[in-house]
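Order of writing sets the chain letters: A, B, C and D. Residues in each chain are counted from 1.
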Amino acid sequence: MSFKEYRPNILDGDTVVLFMGHANMLSLKLQKGEVFQTKFGALHHDDVIGKKYGSKVRTGKGFVYVLHFTPELWTLNLPHRTQILYATDISMVTIQLDLKPGSIVVESGTGSGSLSHSIIRAIAPTGHLHTFEFHEERSKKARKEFDDHDIGEYVTVRHRDVCENGFDLEHVADAVFLDLPRPWDALVSAKTALRKEGGRLCSFSPCIEQVQKSCEKLRDLGFTEIVTLECLLRPFNVSNVSLPMPQMSSMKKRKYETDAEDCDGATKVLKQPDGNLKEDDDPQKDEVKNKGSETKNVVKDEESEIFNLRPYVDSHDAVTICGSNAKFKTGIPPTLMPGHTGYLTFATLLPYG
Amino acid sequence: MSFKEYRPNILDGDTVVLFMGHANMLSLKLQKGEVFQTKFGALHHDDVIGKKYGSKVRTGKGFVYVLHFTPELWTLNLPHRTQILYATDISMVTIQLDLKPGSIVVESGTGSGSLSHSIIRAIAPTGHLHTFEFHEERSKKARKEFDDHDIGEYVTVRHRDVCENGFDLEHVADAVFLDLPRPWDALVSAKTALRKEGGRLCSFSPCIEQVQKSCEKLRDLGFTEIVTLECLLRPFNVSNVSLPMPQMSSMKKRKYETDAEDCDGATKVLKQPDGNLKEDDDPQKDEVKNKGSETKNVVKDEESEIFNLRPYVDSHDAVTICGSNAKFKTGIPPTLMPGHTGYLTFATLLPYG
Amino acid sequence: MASEAKEDVRPCDPGTSESGRMQNSIKEGDFVIFKKENILKAIQIRKNRTMFLEKMKFKLDGAIGHPYGTMFEVCNMKLVKVERKILNTEDATDKGIDNRDLHDRNLENQKLSRDEIVEMKKEGLRGQEIVDQLVENSATFKIKTEFSQEKYIKKKKKKHVSVYTILRPCTRLISDMYTNKGPARILNLRIDSLGQILSQANVRANSRVIVMENTLGLVLGAVLERLSGLGCVVSVYSGTDVHGSRPAVEVFNFTKEQLAILHHYPLHELDTVNTDIADTNPQSINTDTVTIEKKSTDIAMATASDVAMENDSDKTGIESGKDKTNENEIIKDNSKGDTTEKNEAIVAIKNTDTEQGVTKETKEKATNGDNKSKRFRYEKEEHSEKKAEWRNKVEETRKILKAGDFDSLIVASKFHPTPIVMDLIEYVAPSRPIVVFSQYKEPLMDCFSKLRSRGGVLNLRLTETWLREHQVLPGRTHPLINMSATGGYLLTATMVMRD
Amino acid sequence: MASEAKEDVRPCDPGTSESGRMQNSIKEGDFVIFKKENILKAIQIRKNRTMFLEKMKFKLDGAIGHPYGTMFEVCNMKLVKVERKILNTEDATDKGIDNRDLHDRNLENQKLSRDEIVEMKKEGLRGQEIVDQLVENSATFKIKTEFSQEKYIKKKKKKHVSVYTILRPCTRLISDMYTNKGPARILNLRIDSLGQILSQANVRANSRVIVMENTLGLVLGAVLERLSGLGCVVSVYSGTDVHGSRPAVEVFNFTKEQLAILHHYPLHELDTVNTDIADTNPQSINTDTVTIEKKSTDIAMATASDVAMENDSDKTGIESGKDKTNENEIIKDNSKGDTTEKNEAIVAIKNTDTEQGVTKETKEKATNGDNKSKRFRYEKEEHSEKKAEWRNKVEETRKILKAGDFDSLIVASKFHPTPIVMDLIEYVAPSRPIVVFSQYKEPLMDCFSKLRSRGGVLNLRLTETWLREHQVLPGRTHPLINMSATGGYLLTATMVMRD
């Protein structure tokens, strides 16, 4: 396993993702001869080693998929040493900091390394990440993780309180990322770390008061294009919904019922596949259920017909009537979604000096 | 015209809404013998007077609809003396302040009376609104408007700086609404205005700093259930969209083209109606166009078929293929939507004393 | 900046008038709302009635006579008034985020065991006393920072102090109650959407409103609250709602006079509103043979209604598979009971935290105690009489509906709304608003197109709203880390005369 | 809180290494971005080239040799370097709201007439000097509050000081450029969606990526930027894009080496990627008769491609009626020109504020000057040669595609994506991500269902993102009063082995 490149076959010692349904993944380090207990029974490491990444592997009572890690999957499955940044914010940081191979980036704090993996992905193999962590323990664990993940060469991990002691870097960085309780204390040193030819800076803060102080300091230091953004992910559960047609006449009732038989094929109720792992598992299902807010009338999309181009004349209807039901495909948002992670403040340092 | 009740026929002296397409409405006070120039030609007031509300009236080159005012239409067409609250926030304020007939409400400032009309709608005929305005001119205009609108009896308009001099009301109100630059200065007096049996309070502020100060003061004064909300309206332009199918084979091309002829009827391009006023005018169209961001491939929904319950077997498809096009109905959000109006802070005063 | 301002005090200023005000104290028979942060439960106050709340069991008697807004603690299975000062668990509590600097969470070192705490509760110790004991027995409390001490106390209070504020029900609180419990049962209708329905439909005193809803009565009750006994409401109900019953409406504590403006009309008779037969012989419509005896028609109708109900339920069952919802069972249960029973059902909805639990408890209630015999008597004696009464009321409502010229139409239905809307707009006067709510966008897009094709409808608009709540605390202000991702969709429009 | 911390400096730390860095100064031939607040325009620097921007006309020569990030003012039709201190129109400007206390807006009482100001500009007065004159001649400036004075100056500067920062193009700026200009032309792909595409598709150096896009090259350019010449990109293009040209890609200033990893493949040949014929005789596929002479096949193919293009355009014309978009015309224009011409087209896109204007100017350019004869020559001499070259490249790409095992698939197409996705996923290796973007939700719902039916796809997810910008100013912090209501929808998934 490597975060530098995909490897086709799973090797002894690799850390892999076991996929057992969405929101049901875990990270496993393989070791010859070992056995791991999943909720679907025992998984023999030896059954995994040597297989291609993306393979389906038998467990005692079912099967799991074994996936190659990506920074996104890592973010979902990493050991939390701190609060972490998630994929939506990470992708915004990466694109807004203009990261590309060759970029020199400064990050503080390293935290659980969630963002670090994505930064390294964007800047390798010619760039370099200088990441700073206040806690020694975390800093050591991050160092080890980067090495284990085959990306150690692209990152320098420093244990250092940057608010107190600065970054100790002079005009080397193309971009600086700050996730600190008091980011404004690190801004002078951040400016020094940025190249004189200019660069980009991002500060992530959960509270608006932190943002206010940071923006003021950024303006004082001559940063321009200071922009504060929030980015929220709204997922949709794609479902086939059948709403009953209203029975607006006692007379018409029987007719509807007869009609209904004609289109039973299109209104199958979800059947569980034989295995425990449903390949058609969809993002929100589990969550929605747990929160007791499952909406009614939802038939899972289980159409078995293969893809075909079927000409059909009257085609613009969002809803079609089938017997006593109105049927349509829709994307149902979950009851709850992330409402806030933090404010992302970006700024540009133009060339100077 | 009255904001107290609907009147079936349009009378001389009524102020009415002329509807000439969405986002193209205006307010007109009728006077026998007068002529008003619309962009569709002259409208003779005499052609309007005596008609039923909701009638279509000829103008020189077309026609307009004449509508009865509601508080929502008023909010869209009132003379702006200040920044105003719009319908989305207003409906939130009304429901969160527990307004109903009989409620005694205090409002400051009166501003352009946008919210006042909705408050009065909710509390009449047994409740009363005490509204306070800092500017004498505005206060007088509001008084006259309420009288003209047949709701004068439900409202007391006071010209007064409530931050300086308080509301001068003791334990009479069920609810207080504040839209002031420094709402915290009015909170002590607002508490005094609320009944000792308790009540609800709302403060509307555009900036978070105002909210922070207000919340602190509310906590100090013993208010509970302090909640700050934002409510944003996202409209959808309902449209029939035809996306081209990709031509993934030079061989299949001719076949697609033949198919396409079968369903031409379903893919009509928008035709302008003969009259100038399109009844199927939809909310965002004008705006979207003006901003130069009209999305392609959108065919307006001009299906002439009347409503019918048509049984159709394969019904769950969101998209149907018609010849060389994929067709579907969708709701297109505008390019721009209101991103912020203000924060609504609500609080409860529980009984005391 | 007029320092002493002129005041335009109107002669009719009712100012401090208290006329028509509701009594301020909790009395027997009132529906009240118990509230503790996000937990809201409605119950009708009855002497000696036992309530279950957060795994506690207690009598309601202690609340009677106290003003609304009073806080009570459960103590020895009774409600005891609490002074507000000693607790303030609610405000100034950080609702999440930025705990990155928190450590040592497991180092509390509490000398009291969980069993000892349970024992203290059994002995009737009040929550505050338990918290005091916990502080006393915490090895680390004294070495905590002031901020940490405060946080510790708040956390413990939240866990051990069961203090509820008893509030007078209103649209906002009833909406909050259903939303916090699981908004699927009210079609994911969020309070901002509900507020917009009322505004956009121009609901006010003296309005004549048609409502077709399946939100357990939340929308209907909200409309009735805004009318307060002035105007007219026709509630169109489907077969599943026996005689149009709506549990949430009960909770509003409407007076008889306020409810007198409410008329029910069955959905499956909409096709016959305008038939001539209905005018001449209102009892005989909706059957194939017109010359049928009155009484038997009534029974046939009633039966048809019941059957329709069961069929509908079955269909729902087929469509949603396992999702046979509890509210149906409760309503069914209600249909066989009297008013008291209905109220019990509402309490039952609120009594447990799991949906499964509701069903179980409701069933227990239905088979237990003296209610059983009551229901039996009712079934025998009042059945046909009630049916006849209901039939007469439907015929009255038919006339009201037929007269048309309604001021607004509100549809918030579990059914596909288009046919309902296309039918009911015929009874709405020109220049009047209609509002259609759905938890799904597609049915409203369909309805939008059909209305546009029909013509005679202006200002067609399909919208959704975003509702975002903020934590506003010194130095810790940010939007809440979770938000509702959907509050449903609204279709609004204005009717006009057709060519 | 280590005051002097241990540092784990790795031996391979490149630290201050400058190897492989781009030159920092603007040079002839560079594409650059002119930026002034929300106005962004891309142009290729050429000596003596005239640029039109905000109704001004000027030469670019003055920029050459200055570092990127330098600010320039237009003065006497030339670019003149400006010190950054004197202007600060951008920050600390209140972007709206809470003007309720503003009055007297029309009382400015400016002695200078509009004509006089125009005259001053003609005379070559710089913006700052004009603002100074305006202040001097304002009757009310001196009696304003300090805050109002500041606001007045900022407003006037914004209007009269035409200062542009010249920036090095990058994905962010190019995305901003198209978005501010009218995001419909890039399918309403907003920067947050673009950022997610790159992340979710796990794009990185040494990746092998298939891209099918109709975002003028924005997505393709962004992918190439993240690869920086390492890896492999197959860009599948439709008939409307002659030889896969993508205007935005030019703006990135990729080196020849960086572009060497880019391969083009025509959409309408996807059906023949795996045919055996292609293996044995790559030149003769896609015709009914296999035994056809090589050269004529090439021409036939090329013609077929051109025809397909025209048919596609026609169809688009039919569907969207009047919406025949400008970018098509520009691209068509490009197809007849050389590289210089293409660049001109990009400038033209940016040169005016109205879509109509673009068309007009482009046409003028196309028919004017010495470019004409160049194009003519090109058409005569290079036509068949280029076609043959192109054909060979397609065959090369066919082999690459056929080899399969790509690391990701990105589709951001103006076509219905399902058939494209269903075809191209066959070339993606297991355990690799795919990302499909659409400005509409429905095509992605369709694609979602089809992928689920197919199987071999995990973690299917349909999402949209909300992007909200905040004004953060002392005492005036709030979200911006306008926000983008949509940035498109994303379907993401992971491929796995099928049973």
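Rule of thumb we're sticking to: contacts are C-beta pairs under 8 Å (C-beta built on N, C-alpha and C of every residue); 3 or more make two chains touch, one makes a residue touch a chain.
Note that the coordinates shown come from a computational prediction; the quantities given were computed from them, not determined experimentally.
Undergrad: B-D versus A-D: which has more C-beta pairs touching?
TA: More C-beta contacts join the chains of A-D.
Undergrad: Using mean CA coordinates as chain centres, what's the gap between subunit A and subunit D in Å?
TA: So the centre of subunit A lies 26 Å away from the centre of subunit D.
Undergrad: In whole angstrom, what separates the CA-based centres of subunit A and subunit B?
TA: 38
Undergrad: Centroid from C-alpha atoms only, then distance subunit C to subunit D, rounded to Å. What do you get?
TA: 51
Undergrad: What residues in subunit B touch two or more of the other chains?
TA: Residues 208, 230, 232, 234-235, 245, 301, 303, 309, 316-318, 321, 328-330, 343 of subunit B touch two or more partner chains.
Undergrad: Counting only residues that touch at least two other chains, what does the list for subunit D look like?
TA: In subunit D, the residues touching two or more other chains are 418-419, 441-442, 445-446, 449, 466, 468-469, 477.
Undergrad: Connecting every touching chain pair, does the picture come out as line, ring, star, complete or other?
TA: Per interface graph, the chains form some other shape.
Undergrad: In their shared complex, at which residues does subunit D touch subunit A?
TA: 1-10, 12-17, 20-21, 24, 67-71, 84, 90-92, 165, 170-172, 175, 191-192, 194-196, 198-200, 202, 204-206, 222, 225-228, 230, 405, 407, 418-419, 422, 429-433, 441-442, 445-446, 448-450, 452-474, 477, 494-497, 499
Undergrad: What does subunit D use to touch subunit B in their complex?
TA: The touching residues are 97-101, 182-184, 188, 238-239, 267-272, 286, 304, 308, 311-312, 315-316, 318-321, 323, 325, 354-355, 413-416, 418-420, 423, 439-443, 445-446, 449, 468-469, 475-486.
Undergrad: Can you name the residues of subunit A that touch subunit D in the complex?
TA: Going by the criterion above, the answer is residues 4-6, 8, 19, 22, 52-56, 65-68, 70-72, 87-88, 90-92, 94-96, 98, 100-102, 104, 118, 121-122, 124-126, 128, 134, 136, 139, 143, 152-153, 155-161, 164-165, 169-172, 197-198, 208, 211-212, 215-216, 219, 222, 224-236, 238, 279-283, 301, 303-307, 309, 329-331, 343, 345, 350-351.
Undergrad: Sort out for me which residues of subunit B touch subunit D in the complex.
TA: Its residues touching subunit D are 82-83, 111, 181, 206-209, 230, 232, 234-235, 241-253, 267, 269-270, 291-299, 316-319, 321, 324-326, 328-330, 332-343.
Undergrad: What does subunit B use to touch subunit A in their complex?
TA: 208, 240, 245, 259, 262-263, 265-266, 301, 303, 309-318, 320-323, 327-330
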